[in-house]
Amino acid sequence: MATDTTQALRDTRVPRRVRSGLAEVTRHLARHPIGLTGMVLVLLFVVMAIGAPLLAPFDPLAQPSQRLLPAGGGHLLGTDEFGRDVLSRIIHGSRVSFQVGVISVGIALMIGGTLGLVSGYYMGLVDSLVGRLVDIMFAFPSVILIIAISGVLGPSMTTAMIAIGIVYSPIFARVVRAPTLVIMQQQYIEGARAFGAGGLRIVFRYVLPNIAAPVIVQTTLSFSTAILSEATLSFLGLGTQPPYPSWGTMLGSGRKFMELAPWVVVYPGLAIALAVLGLNLLGDDLRDALDPRVRRGIT
Amino acid sequence: MSRLDPEQRFHNDVLFGRLSRRQLMKRAVALGLSLSAIESLLATYAPATFAAPAPAATPAARPKPGGASVWAAESDPVSMNPITNSAFQSTQGFEHCYESLTGYDARMRIIPALAERWETPDDNTYIFHLRRGVKWHDGTDVTADDVKYTFDVVLDPAGPAIWRPNFDQVDRVEVIDRNTIRFLTKTPFPPLLGAFAILRSSAIIKRGAMGTNLATQINGTGPYRLLEYVPKSHVELAKNPAYWGSPLPHIDRVTFKVLEEEDARVAGLRSRTLDYAFLTPIGEQRLRSQQNIVITKSPRIFLFVFVPNMLRKPWSDVRVRQAINLAIDRREMIDKALSGSGTISGPIATGFGNWFITPEELTRRWYRRDLDKAKALLKEAGVPNGQPMDLLVTPFGGAGFYAAASVVLKEQLAKIGITVNIRQVEVGVFVREASPTGNFNYDMQANAFTPRHDPDGFLWARFYSKNPFAAGYNNPKVDDLLLRARTTVDPTQRKFLYDEAQRRLLEESPMLWIAVDNIIEGIQNYVKGYAQSPFTRRDWGLKNAWLDK
Amino acid sequence: MGKYVLRRLILLVPTLLGISALVLILMRLLPGDAVDVLIGTEAMIGPEQRRTLTRMFGLNDPIHIHYLRWLGEVVRGNLGVSLRTGETMTKVILQRLPITAELALLSTLLAWIVAIPLGVLSAVRRNGGLDFTAHVLGLVGLSVPNFWLATMLLLFTSLYTGWQPDLIWVSPFKNLPANLQQMMLPVVSLSAVLMAVVMRMMRSSMLEVLSQDYIRTARSKGLRERLVLARHAFKNAAIPVITVQGIQVGYLLGGAVVIEQIFGMPGIGWMILNGIYQRDYPVVQSGVLFVAVAFVLVNLLVDLVYAYLDPRIRYD
């Protein structure tokens, strides 16, 4: 179908069987400073997330000082409207972003990936039905859907993760479906079947290795957009609930004090931008590393 | 009809503001009333505790009529329907166009509106004489039939009037003649006059109006006609040339732009696109340096509270509630949630007439922080360390107080071993879970009392045990006090009863009363005659305002 | 081709049915209803009064009746009436649509004006200084949250410049200069991401096209470089860029919701969000339906344009 052509051009490439060993990737990164920067940024935030309790000078929920203090006196980035240390909250905020990224993308991968596999494997009617479902999800304004799901389940970080996960599934379904279709139509599949290979075996042996590359690329991309989605939700008050520090919530609740204390909004936004930038740099580079012919598109 | 005795005549004269302060004191003394009684009267019908700021104009200046003005509305009225409206914001939408039998002046004194005078031949009867020659905006005459029609709708127990309980003691309404109407109450009912003035399900509508689209159209009697209401956008008003209060209003055209974001209001004031805006303390700070803007600030009758769910353990235990009361620091909440702009309060909002318990007494007797005693009480009540509390909050209204105060509360209660979990939901969910008509699915909720027309409004519904909304609170002595207070006409007696009731309530903490905040308004220096109201009502202020340019 | 279009349009129907059903299910699942929102946090009404109000709002139908009734109305062209204000949805949408549309169009336009030349140039001057800068800028544009960008722009203008945007929306038909001045910051905030996406797409597709055989052939024929670029390369490179526009509608609406709130613009995104908060079913149902139709139609248009431009693509 033409829609596939369109979609395929946008987000999937039919890969060759590229051996993407870890060694190759590392070698590649060393030669490409952009990817390296990305890796460094991502690692920085990962370290921040894991080591938050040790790295943060203050408890992110404690209100030790006067409110809206500028940088200085133990508070490297100042205090917020409750007298909480902004730096500590940003460090702990990385945990939220990391968690949300991992879990929501995980959910999307599981749901979408399964749908895509099923669709590509069985083809025919199943494919059409799933295709319709995916179309519906795509046509639905995603922000609205995320908000509605959050509303139904009650706004919280967990709900945000589930909602984002559900809404991101169609992308993974599409990313997985096209190459699966192509592979299933190859001759060696018939051959394998003739030898008595069952469905699961076919999937694991032939399909999965070949869809690994676009899936990895999509995962990195979706990770970064998931962080943005969570930030938007929290900004609107629907994601991570106060008083827990999410970069989006900090921005949202700090906005009214912006003119009096700009640091309350500048730094959380900067954190989001840098984290997402790191992921994008890395993702861009991964795409190049895993498939050097990616820019060609399909012929 | 029995003849009015001197004391009743005196009360009537006081009620509709015919007496100056000196006359009032003279007659009161002649009647043998005590000093505290006189004080009560002065306070109820002329709340002297308010230092309502002087109007922006010099008294000698003559108002210039005419002109068009753009004002900011800080929330969307949502609907102009005066019967079904419940939210404070809706009243702010139609207060310039609809009126009731009585009204308020800037000092929240009850003044005649559509009724020019009234009498009470006995404690259960009010006879209102309607002003003659008042017309609806569509040109037809206002008659007693319109009032009867309105109250048929309002008093219908299955009807859509959200604030029907404000009139719960009204037995029936009878038309006497074209311009006279009689209200008969089941018991003496002092809140009645205020219930009209507060414009909650009490604005008079024309007979037959329920069939029209009341949500976006108004056919009223007020100083302004509604030209257009576009939800979420603006309210367009034009001077009513046939207004009974002529030559008021002065300004010909007023547009209220709905600007929920304070950034927009601040920007508008700075650029002179707006002539008026309601501000939060942050907005006030931002505009402090603006020469052309006059900022007025005064206490407002907006009482922020936390309400424990007394149907659940352990909040049903009075010791637990007292412990919480001992653990919270109201000053810190005011500082962090209201940016310092507020005053502590008891059950009746500080500043409301003279009905409230003074902050000095509150601090001395009940609002002292004592963490050790709090922890001891909790232990005694068998509450484990780390006791969870589900705190329900909605960001709707309240100038951002709820979300911020809940964060502060969480920190404060952590010090006595209660783990607060903040659940922030939108208003629809909040009402379902937390309102007195909902599921009671919470441990504590953050809420507020918007201005009430009578001290009864702060206490009756929640603390009179036989009310469905009292949910778990049952103190027979308080019941008795509240019942007597709402059926006693003598203000001194009422004050005594309410003081007693409040003191008992403060002992038992069925609610955590935190603070009242301030109303802060910014207006351009060429707008004169506007007066701030502690009820955040703008009708009196706008009616009297004029543009000096 | 005609058959293809017809098929796509027919497929629109089950998609829309699915979406509208999904909306209604989600809305009904949301705890609280329009009556609750009306009652507010303070007022206390009895059960009989609540019943009256529920009936007034038409909320006591079971969900399938509710859905079928709504469907029947929509088919007749009646999108319903807002529960809160009683206004007809058609009127409300027509009022608010132009605002979001203006925002979306101007953002797209700005993105194209900036990003397309940038993308072409960085492909042509590959690995040069410009390419590197553009590459980095593109990545930054993708990473910066649009609501933060909006906030920073507002902060910057209020702290460091004398000028501040008015934040009270004015229609372009009433006062075009004022309107454009207002739209400046929102449009820039929203288009940053678009710029990045379009630039990257343009660059990569241009690179791909430039390495194709037919370009070498054109060059070897002695055609001027500029002609080669303009005639052959660009036209073919533009194709994938156009296809990207289709999915951008989703981003535009999502971004519009937040941007509209920050800048106080009464558009559709904010209308739908508020409708959810206030449990105003007709608002959400008609709003989402409208957006979904727009999305699908835009995508269809994009696919058709794509087919027109690229003779290799044939739809069965």
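Going in written order, the chains are labelled A, B and C, and every chain counts its residues from 1.
In this section, a residue touches a chain if its C-beta (ideal position, glycine included) is under 8 Å from a C-beta of that chain, and two chains touch if they have at least 3 such contacts.
Everything numeric in this text was worked out from a predicted model, so none of it was measured.
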(message) Based on mean C-alpha positions, which chain is nearest the centroid of every protein C-alpha shown?
(response) C
(message) Suppose chain centres are the mean of their C-alpha atoms. Which chain sits farthest from chain A?
(response) B
(request) Return the distance between the CA-based centres of chain A and chain B, expressed in whole Å. (result) 49
(request) Could you tell me the distance, in whole angstrom, between the mean C-alpha positions of chain A and chain C? (result) 21
(request) Determine the centre-to-centre distance between chain B and chain C, using the mean Cα coordinates as centres, and give it in whole Å. (result) 42
(message) Give me the residue numbers in chain A that touch at least two other chains, ranges are fine.
(response) 151, 259
(message) If I count partner chains per residue in chain C, which residues reach a count of at least 2?
(response) 30-31, 154, 158, 261
(message) Could you pull out the residues of chain B that touch at least 2 other chains?
(response) 263, 426, 429
(request) Name, in rising order, each residue of chain B that touches chain C in their complex. (result) 78-79, 84, 86-87, 157-165, 213, 215-216, 230-233, 257, 259-261, 263-264, 267-268, 270-271, 273-274, 394, 396-397, 426-438, 447-450, 461, 468-469
(request) Going by the contact rule at the top, pick out the chain A residues touching chain B in the complex. (result) 61-63, 67, 81-83, 151, 154-155, 237, 241-243, 253, 256-257, 259-260
(request) Give every residue of chain B touching chain A within the complex, in rising order. (result) 262-263, 280, 282, 285-286, 335-336, 395, 400, 403-404, 406-408, 410-411, 422-426, 429
(request) Spell out the residues on chain A that touch chain C in their complex, using ranges where they run on. (result) 2-3, 5-6, 9-10, 34, 132-133, 135-136, 138-145, 147-149, 151-152, 224, 228, 231-232, 235-236, 248, 251, 255, 258-259, 262, 265-266, 268-269, 272-274, 276-277, 280-281, 284, 295-297
(request) Name, in rising order, each residue of chain C that touches chain B in their complex. (result) 30-34, 36-53, 56, 82, 84-87, 92, 95, 154, 158, 164-168, 261-262, 264, 266, 270-271, 274, 277-279
